[in-house]
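One chain, subunit A, appears in both complexes that follow, with subunit B as partner in the first and subunit C in the second.
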Partner chain A sequence: MKLQFNKTIFLILGFFFFSLLMNWALAGFPSFSEINSILFFKPGRSEGLISPYIYSILILLGINVILSVSLTLLNGFCGMFTMGHAGFMAIGAYASSSAMMFLIPEATPLFLKLILGLLIGGGISALIGFLIGISVLRLNGDYLGMVTLGFGEIIRITILNIDAVGGARGMTDIPQMINLFSIMFLVLVVVLFTKRIRDSKYGRTMFAIKENELATRLMGINPTNIKVQTFVISSFLAGLAGACFAHSEGYLSTQTFSFVKSFEIIAMNVIGGLGSISGAIIGGALLTILPEGFRVLQDFTGIDLRMIIYALTITLIMIFLPQGLFGSKKGKVKEFPWLK
Partner chain B sequence: MNEFIQHTINGLSLGSIYALVALGYTMVFGVLQLINFAHGDIFMIGSFAGLYFLRFLSPSQPSVGVALLVVLVAMLCSGLLGMTIEKLGYRPMRKAPRINILITAIGISLFLEYGGQLLFGASPQFFPPIMEKTQFHFFGDITLDSNQVIIFFIACGLMAILQFLVFKTQFGRAMRAISHSLETASLIGINVNKIIRITFFIGSALAGAAGVLYGLAYPKIDPLMGLLPGLKAFVAAVLGGIGNITGAVIGAFILGLSETYVAGYISSTYRDALAFVILILVLLIKPAGILGTKKIEKV
Partner chain C sequence: MVEINKNPIAEFKDMSLAFGGIKANSNVSLSLTPGLMHGLIGPNGAGKSTLFNVLTGIYQPTGGEVFYDGKTIAGLASHDLAKNGIGRTFQNIRLFKELTAIENVMTPLFNVSKTSFTDHLFATKKYAAEEKSFRQKSQELLDLMGIGDLAEVRADALPYGKQRKLEIARALALSPKLLLLDEPAAGLNPTETQELTNLIKKIQHQFGITVLLIEHDMRLVMQICDIIFVLDHGELIAQGKPQEVQDNPKVIEAYLGVAE
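For the complex of A and B:
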């Protein structure tokens, strides 16, 4: 039997080692005792090339890229306009952290704990995404946006009223398990997964629904089915990102997951160019770096102009570059060569 | 029973504030099919404009005249702000996809919030009482605040003026024509840009008035105060049928009343969730809202 090199597997393996080395180089090599703790799923430390601050920004960047790519499935591929993505992120974050605190025994190996946490976070988010999806997806356009906005806020307020997860005080002491390596690896898996979906027959159906739902129905495809499935996948990925967020910050407050966060995710998508995976990646990265980058400016001016410039930048990009960075007027989006 | 009447009084006063904000949402949606998410922040700016004008006046004797003057100044400031936003932000985007306009609206909203934090400071400020506060007591324990009466009457007066403007004047007719079809309206010689500008002015001015009234009712204002009332007023507009002016007022009163009932009888922590529950129920049962008409998709 001939050995076949699958390009994707090759890419994933290569990236696995690359990001592992990257993490070591940036955050310091693990000591001998840490090598024993399985696969070094430890939060970053400070003796590496970059400061802990930049390290944490890079992790946040990864999380935002996952969020942005997950929304691309709905918004970019399927043309479903949702404004409640932060709600699913909240579900993932809280589900995973509560599982860590109340369900999974302390002695479980770190590696297994992380995988379980991510799966529980994504899974519960997907389940709720399914329940919401079947009830709302017969709506279209703006109305779908409004109703998902409502659900996102209801999720947040419900969590705010659950005392077991901290309520208004926020949830503290969540085990920190995400490092740069795991987040980079997850980003790659999510991006490749999305690319495979886009190129499959299933992805073509999504684009058909985006172009014309009625025509798709006439072709003998049930658009509602496809839409519910996409909604579930997207909320799974958003939950995954939420779980990553919880395990990298170690602290959760419902304030993080308000509709402002949902809008931020939409902005990442639109700035990158709707429907382009590369655009979603770049948009997510840009909107993470921009507000942090303006911190330098604060040293000159003395006042916090950061968020003002950030808001202005978003507005100006929209006015002068309405197609986004990776979009084009004819409706065909650009992609990185390796994502084509 | 007394408790119920008390909640109704509070609900009507809250509802009239929501109604003023909701009108702006619904008017802008009517002409441009745009959800103006910066509207809540225009409401905030109106409130601060009122506060600073009041400090500038520093009236020795609180009176109804001063209150009306403050409301007028706040309306003017908000209205001009709304017009500027339309001119700089929304006009260049008129042919762009809807989602882009939405992001622009969010960008402007963030800009106003953080700009407000820079300008006014992030901590809440006390809104001084413009009016001598007298309380009337009925049937033992029902309290009617003079502020509540004034809020209700100023709001109703403004709504009556708006009703006149929209249904009895040339401008109103042009505005309604645009909300039917922008292209056709421009073909029959309506100056679309001018009408849209005036619509923004009126909608924002109403929000500014609501900002001052909000300051009267809940005398603590901060640059992020517009977020939640703005969102709730939006829900009210959807509830009544977005794009429909009478519907927005009805929706706002329903929302204000049900919110005070929930806060009074169930729990005040769920009062913010209520608006969204209403939003979802309306959209699932009758997406066009109470007074809206359903549009049939044609091929």
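For the complex of A and C:
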């Protein structure tokens, strides 16, 4: 068989080296003695261009962008209003951490360990997404929102009561293996993946379902199938983001995954503009930076204005751009040129 | 001239449909002959659209049986029936508004797609070739309906008459054997109606499909239909060639009432 070199493979390889270089540029150079120190390099106290604090915010930003993009598949493309995305993130986080601590042998090479952990996190999340999906996706609109909100909380409370993963004490000593390189690479791959889905026959069908489910059905397509598939893909990506979160923080508490987090992800989507991948990226970035980026202000004002600025910005966006930053009333949603 | 000896493509046998105490259709028996243009007329609330919804599997009949292509449709889902070749349009237009005209027509081609998920993920040559052929086929259908130059316009930005045409083009993309048109001329002016009449005739001739159309515009119905069924209060009160139906006293009574 002739090997097919196409754009996608080149892009992914390009992403890989680009994120590797970015990590070094921002955080300083590692010693090149062994592969682990190259791939899993994390900055120390004061090397590189940015402080470790900003470095950790950039990682959180990447995780939020993955979450936001994964919800776009459901909310933006398929028109399914789900409110339990934090639940799938929790499954991914706890499944991946447990797998890495109890299941995968110690001797496994680090990068293989990480890939396995992420896949297990995403995979179990997708499996539970499938089970929930086939049972609730007969519902539409607000009803689906209510049920998924419930499932999100059920997942959280269930984990809270499993003593093996720490229960209410939280899960500690999770290997911290995610650095800026791996999260950037994952973000780019997830965005590309979502773009490909949007431009495929599946994407077309998703938009058709969002517009008119009955008409889609009478065009010979079973909307339930497509919806379940989308739900599975979306929960896989949410689980992946959760796993990344676990392996960057090193500590998990069920409080992180309450419905407040689910609404935060929805807010990222809405502020960016429903149905736009670029919107999901910018929305995710904005809602990470806004609460954190104005910490410096406190040095001048003496009081903490962050939450006020955060709320004010979101209110202003909703007043002046009710369709979101990348949405539009008539015509297609806006996208960055490279995501067109 | 009506060829009854041909096997009917679709057949209603004593079909009844009741919503609680309200009888939408009662004991309707009619059969559709392949390759002919059928009209379904009747006053408002006579059960015409309900008949469409039964034939497309949206409602399950409460009595009697319905056959399509010689097989009963009981237990078949709407999408299976559509896949087997029943295409339809809607009384209140149901286009995919956010998609462009050509994307609307490309959507039903999902059924004949031979590419896998990975083909789409990696944008393989197979995917590119299929997308190209789909686009070509859809463009041909749009050209046929006379809206080929509006292919890249969003569906809800099209004028009303063109939206009706787009809906027919989308139904044709299914390569249907039986095409159900629910009031295709509703809301069109006389010129547009005449244009649409010619189009429907042309489509039926070109594709050799069976058509069943609900329409209130009698000129259109009488002009193009080979057989006409008349429904009133859920019951079939007359059927036959246009002239026969026009002269039928029961039909006149249903539309105009009884002379004192």
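Everything below uses one rule, namely that the second predicted complex is superposed on the first by the 318 of 340 C-alpha atoms of A that agree within 3 Å, B and C clash if a C-alpha of one lies under 4 Å from a C-alpha of the other, contacts with A are read in each partner's own complex, and residues count from 1 in each chain.
Heads up, the rule we're going with is that a residue touches a chain if its C-beta (ideal position, glycine included) is under 8 Å from a C-beta of that chain, and two chains touch if they have at least 3 such contacts.
Every value quoted in this text rests on a predicted model; they were computed, and no experiment measured them.
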Using the overlay on subunit A, decide if subunit B and subunit C clash or can fit next to each other. fit
Note, angle between subunit B and subunit C viewed from the Cα centre of subunit A, nearest 10 degrees, works out at 80
Based on the superposed arrangement, let me know which partner A:Ile221 touches: subunit B (first), subunit C (second), both, or neither? second
Using the touch definition from the top, say if A:Ala208 reaches subunit B (first), subunit C (second), both or neither. second
Going by the contact rule set out at the top, does A:Leu312 touch subunit B (first), subunit C (second), both, or neither? first
First, second, both or neither for A:Ile157, with subunit B first and subunit C second: first
How many Å separate the nearest C-alpha atoms of subunit B and subunit C in the overlaid structures? 7
Starting from the residues of subunit A touching subunit B, keep only those that also touch subunit C in the other complex, and list them. 214
Would you pull the subunit C residues touching subunit A in the complex into a rising list? 56, 58, 77-80, 82-83, 88, 90, 94-99, 103, 106-111, 113, 115, 117, 120-125, 127, 154, 157, 170, 173-174
Would you mind writing out the residues of subunit A in touch with subunit B in their complex? 75, 81, 135-136, 139, 142-143, 146-147, 149-151, 153-154, 157-158, 160-161, 214, 259-260, 263, 266-267, 270-271, 274, 303-305, 307-308, 310-312, 314-315, 318-319, 322
As the complex stands, subunit B meets subunit A at residues 33, 35, 37, 89, 92-93, 96-104, 106-111, 114-115, 118, 227, 231, 235, 238, 269-270, 272-273, 276-277, 279-280, 283-284, 287, 297, 299
Subunit A - residues contacting subunit C, complex: 4, 6-9, 193, 196-197, 199-202, 204-205, 207-208, 210-212, 214-223, 275, 330-332
